[in-house]
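In order of appearance the chains are A, B and C, and numbering begins at 1 in each one.
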Amino acid sequence: MESKIKIKVEGLCKVFFSEQNEKNTVFVNLNFKVYEEEFVSFIGPSGCGKTTLLNIIAGLEPYTEGKVLINGHPITKPGADRGMVFQEDAIFPWRKVIDNVEYGLEMRKIDKQERSLIAKKYLELVGLEEFANYYPKELSGGMRKRVAIAMVFANNPDTLLMDEPFGSLDYVTKVDLQEELSKIWQKERKTTLFVTHDLEEALFLSDRIFVFDKNNTIAEIIEVPFSRPRGEEVRNGQELLEQKKLLWRHFQ
Amino acid sequence: MRNNKKTFLDILAPVVSIAAVFLIWWVISLFLSPVRLPSPITVIQKWITSIFYYPQVSLYARGTNFNLHLLSTTRKYFIGVTIGILSGIAFGLFLGWSKLLRDFFESPLEIIRTIPSLAALPFFIMWFGPRELSQLGLVSFYCFIMIVINTLNAIKSVGPKFFRFALTLGAIRGQVYRTVVIPAIIPELVGGIRVVLAVSWGFVVLAEFMGAGYGVGRLIISFIPFLHTVGIFVCIFWVVLFASVTDLLFMQLIARPLTIWMPR
Amino acid sequence: MNIKKGFKLNPIRIMGILSLLIIWQIASKIIDDSTILPSIVAVMKTIPDLATFGGKELGGFEEPSYYGAFIVLSRNSLITFARLLGGTLFGIFAGISAALLIWWDEVIRRFIEPLVLTLRNLPPLALLPLFMIWFGGWEMGNILFIAFSVGVMIVINSVTAIRNLPPVQIRFAKVFGASRGQILRTVIIPGIIPELAGGVRVVLGMAWAITLGAEFLAVQSGIGRILIFSMNYLATGRMIIILLIFMIYAYLTFLLFSKFVNYLTRWMPNRE
């Protein structure tokens, strides 16, 4: 069955001028499509390209040329329909955990009782219902990341954008969060764009992987063959290892 | 990590050092005339009686004890800092809202900021006379300028990641200002206010040096020609007490509760 | 770490400054009372009157003149600067030394630190009359007063700065076998400069305020004195001139100090 196209990028060009007035080209003629309820990862060498792409789709950064369409409409500014989880810790330290999770709903003027219920539900989903009345400073890095995820999911965006969300966490926490994300995503399938450096992570979570090269063009699009739901067996399985080897070759 | 629990020595040391200071003071005062350095015992005695009966006050200024003057200074201080700080925050937030406004007002502000606020005092005295209004005006002016700049700087240093996050959660500009900018600047604002509160005591006293009416500064000035150094020390003790109490109250009642969420 | 980022002049900013001047001009016409607010031109015209400051004994001229004004202003500026710089440098030196001493010796820290913290609540301006009684008209008294006020501030800042140094750096130096003195010289002192530099603006502002305060009350010379002198004669024009001069001086001292500090911290990675 032909899935609907959620995000379409055509001929995207992004150029910016640095402080010394040097011309920096980020993308030239980037084209791709992402389908509804698809989990897509962007991997590739370090450089600001992938983050910039995500920011453009989020509406946080302008682009120079080309078309970026979501549901057929051009993206002009940020909005609650595209939720984003950043690599940095951006939850609001001055709000308690529960107030953080309610933030998006509060902005949309949803009344207090309903907000509360929704927020509690998502806190439970990430396993933090006990910490509802704590301040972020009392939580660990991994827990704060889970709050961010709960915040974004509670807002029920159409599309999910994640920019190396687990990048700064230790291995065990990372694996933990990957599995939680996978579980939540199973329940509430959203079109997801996920930027990462971690091949394992990309293979574990995605349906397709876009491999970027150092010129910030898409070198390869890989279909991930594992069936869902994916659990521990997939992560530790032989197939994943094989796929990783294949992927790794692209980086040579 | 430092052990936060106060050891016996931690409590003992400040007491010992303050006692040592008084001791050294007392010893030195034995060798110097009371005009140069009055004995700490005399000073403390006079300090305690200053709110009951202090004859020298009526000889040099108005009243028979310090009370009128203490009240006058305190009144000018509190009205001055309240007006100055509140209007400073309001104006700072107003400017912070639009880049256009900010750019427009920032240059005059930077210019005014380079001048020491004290330089405004002669102008106030000339325009309004040496009355208490000028003294109050100086305090308000100083607080206003400092707090506006403090607020603007605080707004500038709010991490852009918070803006971005709020926007992707569906907040619009006004909401972002209210729910992100204002809470985020509170710590820096509190720091600035604390400094301004302390310095303003100096300003109000100095303004009283140059002006007329009641006030601790007036007393100090009136004691000088009579070389009544004890009285000057008593006045200083009062000011230190006021400043310490103000600082303590501010930190406990306002600063701590507002910044309870801050990681240490 | 650049203390003073370039104050970028864009059109709106220029408009801001210009509008200040325009408002001044308009207001002076409306108020039409040169005691309250003389027009810009009128202010410029009062410059020569500055020459009469001080009377014969203190180097003043009998007749107003631009030349005389220039001499008077220069002489008094030098006096003010001497006070300011003398006091400030002395205060900085004393303050940092005291802070280092507090670090050096645990005993000293235990006993001196609480005192220093009490001093924080002692407004130096209130102490001016005390210094006046102690030192009479002796110039050194003013410099000591400025030094004391600046010193107290610097000590507090330095102690905090030392405390904020990453302990790993000191441990690292110890691993190399550095003696206490060497650690002091090579780790602590360079390490606290950036944080102190951040407070340069505040310290300089305080130094200027103290100097001005002293000149208001305790002395007979200096730019601040001219301001008071003009106030007594309700000579608003002259007061405004002095104000403008102050602005230029304050800006210059700040610029100089920032350049100096930027030179000292040239090894630091730039904060974005």
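Criterion: a residue touches a chain if its C-beta (ideal position, glycine included) is under 8 Å from a C-beta of that chain, and two chains touch if they have at least 3 such contacts.
Fair warning: this is a prediction, and the values are worked out from it, not measured in the lab.
Here the chain-to-chain distance from chain A to chain C, counted in touching steps, is 2. Set against the Cα centre of chain C, the chain with the most distant centre is A. By number of C-beta pairs in contact, B-C leads over the other of A-B and B-C.
Averaging Cα coordinates per chain places chain A and chain C 52 Å apart.
Distance from the chain A centre to the chain B centre is 49 Å, each centre being the mean of its Cα atoms. Note on chain placement: the centre of chain B and the centre of chain C lie 19 Å apart, centres being C-alpha means. Residue numbers of chain A whose C-beta contacts span two or more other chains: none are found. By the touch rule above, chain A contacts chain B in their complex via residues 58-60, 77-80, 82-84, 86, 88, 90-95, 103-104, 106-108, 135-137, 151-152, 155, 161. Put simply, chain B touches chain C in their complex at residues 9, 13-14, 16-18, 20-21, 35-36, 100, 103-108, 110-111, 114-119, 121-123, 125-127, 195, 198-199, 201-203, 205-206, 209-210, 216-217, 220-221, 223-224, 227, 229, 232-233, 235-236, 239-240, 243-244, 247. Residues 7, 10, 12-17, 19-20, 35-36, 110-112, 114-115, 118, 120-130, 132-134, 202, 205-206, 208-209, 212-213, 216-217, 227-228, 230-231, 234, 236, 239, 242-243, 246-247, 250-251, 254 of chain C touch chain B in their complex.
By the touch criterion stated above, chain B contacts chain A in their complex at residues 159, 161-162, 164-172, 175, 179-180, 183-184, 186, 260-263.
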